[in-house]
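Multiple structures are listed underneath, in structure tokens.
Look for chain A in each of the two complexes below; its partner is chain B in the first and chain C in the second.
Right, the complex of A and B next:
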């Protein structure tokens, strides 16, 4: 027998076997852990990627709506805001001499009332100087603009079209300021909030702690003033509703009623996070706003993410210029683009 | 069959000894260890890749957030003329006016929650590392970091307005708070909102009765017709006693029997003033004098002496008074006129002329500070371009270089201020021996303004007349001394685009993970946010700049915010009502300090709960660069739309 060869072919010892098994188990455990971590990481990356993609899509949708107003008023003219009194109704600027370009230096833009009070006969007969039925077109333009645009397109549209230095008040032929344009009470057809008579005001003072909005879901807001604070009645800074019997026209009301949700990914897989995009348009606290609020909610964990931003965008006047009536006519008849 | 005794490399020589034992032996343990090491390195490398992927996705998320936040900031900044920044205030002397609660500058406005940003405390910012130590260098140069507010202005309310956070929905703490922002690059010298001692432009409706500040300007500038003007405003026996402060008494039925007589006297006096100021422009008619309308503009260039292009302010004021008196004669609240009423055409002609001249005056010369700008139609020319003269010789020390030898005994931290009903002469700023050492810069425009009078503001401004600290003393001489060298005015000079470029830089870092992220008090706000001078006297604004984080300050128990506590609040919102009327005393009380200086920390994530992060304050964190936005840093107040 060649014992040398025999000894070289001997089997593994128990120690070697144990070591081998241990190493094998360690390799397997490592491999399992690696695969598990890899799987989790991939899942996380994929989830983040989907969330990012959704967030990106939501942001783009928000910016797109801020620019196009498509969800608020579809270009095919099928939306409710094309009705009379709504901001996308057709409007003839040639009627009653409104057709000048509304440049701020135009003589018609000189306001000719008494700034101290809404009572335009208290300190003199101011309607003698200018009024809604004045024979001079430049002196009736103010009243026509406020009354006709407010009635025909709504209050948000009025603040959008009127020159930035507009005083929102006018007199009828008898020297009376219509209730619509003074602090006369609650409800529809009141451009002013119901406070004390502090006289005719510009956009700055009118929208301090108040404002106007556009809504497709609640078109009736077109001729309403939202008021956040009662500056003169309950005390400056007091958060109140403008109408105790109807709290819709307050601080929360403008938030709810100006919301225009966008349909984003309606056919998404059920396990994808649910994105909601809401675009709001309003004029409040001295300026026009277009805001985008995005919520992304995970259906698995319930986690909510939120992104809010405001942005520059197309004005209502620009949005109307993008559109035509179903017959192909422009919405602003006789009004040149600036 | 292959010969098992042959093998490659041996040429088939069967005599070569075989070496099977060594060639087939098992792998050694060392070799296995090396193999495992190689495997471990490969696995580790593979594992390291996965976080990179996650970080890349997180970075992509932050870049989305940074882009939208930058959009929002620029949106607010480009509409800053449609915000309530409380920029137009005035004080007696240059150095008194801090003036810049919310200046034109983008970087300074980041310190205002109206932009959706709040200042990150320096103690937290200094714990951040960044590539190239960019954050540390920025802080070292006096910069600061800002973080997104948890209460964004979602309903259009400027959340900086009263700093209440009103207008925010705040339903979910924004993930954007993982971002911090800074503005890098050299700041511009921006235009002033107005002269620090004269909140010009003053504005009024045309027609209007004489206002006290207009009478003061008239006298200070020695315009013609002063005697006739005083015949209007002075009380009997010398004059009619009509002014913007008491005209309502005529028509409110206080003395119905005498109303018509006073109104008629006012009309006669106003006609006399117009005759004194613009005799050549009046046409006599049976109903009274009618002012001529402005002629068409001549071809440029326009001479400064051409009064048809640049009408004198006295003419504008006289026409406004004449139109007011004419209209008042037609008031339905007065007794019927004894004679024939004024014809509508006459009234209309007088008022038309007053409006037309006022409109021309406001449009042609922004540097004439004599007559108010007509609110009937505000124009861009209403606001003159002014800037500080930062060049040698531009400094001024209007408050006294040295402290008084015997300074007034302080009340709290401040020198004594006049009692609520005291006259201004009793105030320390009326004491020539009292100096503060405050230094201001002189003011320059494209040319030095003319026809200015004096400030009309009041120290403290808000409250009943008895509670106000008093009208700002006549500061006409201080205005005279305030002008620098107009040749150094550069707001209208051509510039290279690169001169205006700055960077908005965004980093991501979870700073809320520090244990003291919500217990750390805020940094002391810049004193320029407060409209008080170095003695604690309020200059002419009702507003005291609260800290931008004030709405989120914890109360003593750190269980609620002061701003949400309705009962038991030591000091109510200090801008209004009773507290405002007693503002000089409210400043320096323990109650005020503990409530409105953030002693107990800040609810910086806005969730209403005190959060303590896992990281000790001694730990440092690395901020990862997310985005850089280059923007044009304008120097003037401007807006992007109506």
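Right, the complex of A and C next:
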């Protein structure tokens, strides 16, 4: 009994203490390392998850803009593209004498002209059978469509509304094709590219190396301007226009003007990656394009991700049908679907 | 029972280990939860893309059925010759009349998207059906034998070749679908060519309601509702047009000649520009308007 009580009071030896302290330290160090690594991993996962989430949000925002055109033209009518000459201006098709459904059987939709050339009378005086001042509304419809829609809504809108088989050329009462619709110069208010190829063009030939964009950032100069899409050596790419605001209307010009940025996260936390979403709309290379370009840049690592895609969605005519004037009227008055 | 110092020490280690394990478990649960959440969000994004692909498929369906699929060649939803409601044959006789698509206002066409095991008229992917013989002593007629047809059908029997195997490949069904409903004309003059297309990504196979599907397609109403709730669906109003562009100026251009010296009789010339043929790029028509609808169309519109 005495011996037992003595052993109960016995303390640690130095060796025991050292061993136990060492084991304890090793356990604690291991535990700390495990927790630290796990915590860092979770932080990295969280960061990657946020980046992926932002990318997903940007994709959905891009798709949404492709369908709604909301950033380009707010539904409340407060945007600059509602002004006269802009693509979201109200347009009275009845008052303009253009109110039929553009179905292909309609005689007004038949183009009457010489496909070989705009301005060589030796092939015939086509203005006798169709010109913009003809007293027959069906014979003047074609020229009226090109001139008035181009003037009132811009060139992109003209290619959106005009039937797919439109030949973009018409004659005035004197048998002349207006400068705007043939290749006679540079700068604003020229629908055609300035090249030696002088024939009337359909949408295919017209946009083979260029096209038109819709721009909210440069509305005063962008809606009535041909831009070059391809850089064909020293030809199109080297062209200098007469536009004093920005002389270049080449690939970079149309790309920059058509960019419509979306405000995805204006109040994001500073340590979150910065997402940018840009939607572009233009007609080029034989088709109407809606493209979405997404960049996500990490403020911590500087790493930058980019995603680009194009998508089908609401056309300009469809977007205009979604909207009304501040007075509640439709933007297109008197125009039926085909 | 009174505890001893040794038991205290063992309990200390146990507490540390248990604590670390609990923290690791917590971190693991958080990680898995985050991954699960990400997977769900990724699925929604994937469905958005799939639904958009279905929009493209639906538009192509409208274009093709404007001309094909009704027993005779047709001339468009709005007949390009007369403006009457199509499809009609070459004599103007209506095609596809009945209570289903393409009759205006009738039941929608339901199209499930999947990959067939072997589509009709499938061509064999085999290449080098006429390999060059490696014996230079043989005559050219044998070296360039061309003894086998190239390309060749995927199957030998002609009826199998025409019929194909329309069963779905594993893993490709139940993912996406579209429906196409033709709007009734508001007047005899039109519109005849406006459709509501519904683009879905999910597993309801394009059935609008549980009651519409044949018995046994879905276990019960609750299962159908669960599948419907997990889908992404987009609605569009689209207006078809017969108008299609072509390279008009190249009717008159003969390669090698000055472009200002257009010929009026260049069509058919062997020196006409090879990639600017003056024929139409396609024969299915184009779309005058595409408009995304804010939500499910309300009656009397269908989808």
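What to note about this one:
Operating definition for what follows: the second predicted complex is superposed on the first by the 280 of 338 C-alpha atoms of A that agree within 3 Å, B and C clash if a C-alpha of one lies under 4 Å from a C-alpha of the other, contacts with A are read in each partner's own complex, and residues count from 1 in each chain.
In the analysis below, a residue touches a chain if its C-beta (ideal position, glycine included) is under 8 Å from a C-beta of that chain, and two chains touch if they have at least 3 such contacts.
Remember, it's a predicted structure, so these values are computed and weren't measured experimentally.
After overlaying the two complexes on the shared chain, residue contacts for A:112 are found with chain B alone; chain C is out of touch. Of the two partner chains, both chain B and chain C are touched by A:52. By the touch criterion stated above, A:60 is placed in contact with chain C alone, chain B being left untouched. After overlaying the two complexes on the shared chain, residue contacts for A:129 are found with chain B alone; chain C is out of touch. Residue contacts after overlaying the shared chain place A:42 against chain B and chain C alike.
Of the two partner chains placed by superposition, chain B and chain C are both touched by A:164.
Judged by the touch definition given at the top, the superposed model places A:68 against chain C, while chain B stays out of reach. In the superposition on chain A, A:284 makes contact with chain B only, while chain C stays out of contact range. Touch criterion not met for A:268: it reaches neither chain B nor chain C. Counting the residues of chain A that each partner touches, chain B and chain C differ, and the larger count belongs to B.
According to the touch criterion, the shared surface of chain A, contacted by chain B in one complex and chain C in the other, consists of residues 27, 31, 34, 38, 41-42, 45, 49, 52, 56, 59, 104-105, 109, 115-116, 123, 163-165, 167, 202-204, 286, 311-312, 315.
Residue ranges of chain B in contact with chain A, taken from their complex: 21, 25, 29, 32, 36, 39-40, 43, 46-47, 50-51, 53-54, 57-58, 60-61, 64-65, 67-69, 71-72, 74-76, 78-79, 82-84, 152-158, 161-162, 166-167, 169, 171-176, 204-205, 247-248, 251, 324, 326-333, 344, 347-348, 351-352, 355, 359, 363, 375-379, 573, 576-577, 640-642. Interface residues of chain A, counted against chain B in their complex, comprise 5, 8, 19, 23, 26-27, 30-31, 34, 37-38, 41-42, 44-45, 48-49, 51-52, 55-56, 59, 104-105, 109-112, 114-116, 121-126, 128-129, 159-160, 162-165, 167, 202-204, 208-209, 211, 228, 235-237, 239, 251, 254-255, 282-289, 291-293, 295, 304-312, 315. Within the complex formed with chain A, the chain C residues making contact are 9, 12-13, 16-17, 19-20, 23-24, 27, 30-31, 34-35, 37-38, 41-42, 44-45, 48, 52, 55-56, 59, 76, 78-83, 189-194, 236-237, 239-253, 259-260, 262-264, 276, 281, 285-292.
For chain A in complex with chain C, the residues that touch the partner chain are 20, 24, 27-28, 31, 34-35, 38-39, 41-42, 45-46, 49, 52-53, 56, 59-60, 63, 67-68, 101-106, 109, 115-117, 123, 163-167, 196-205, 286, 311-315, 317-319, 321-322, 336-338.
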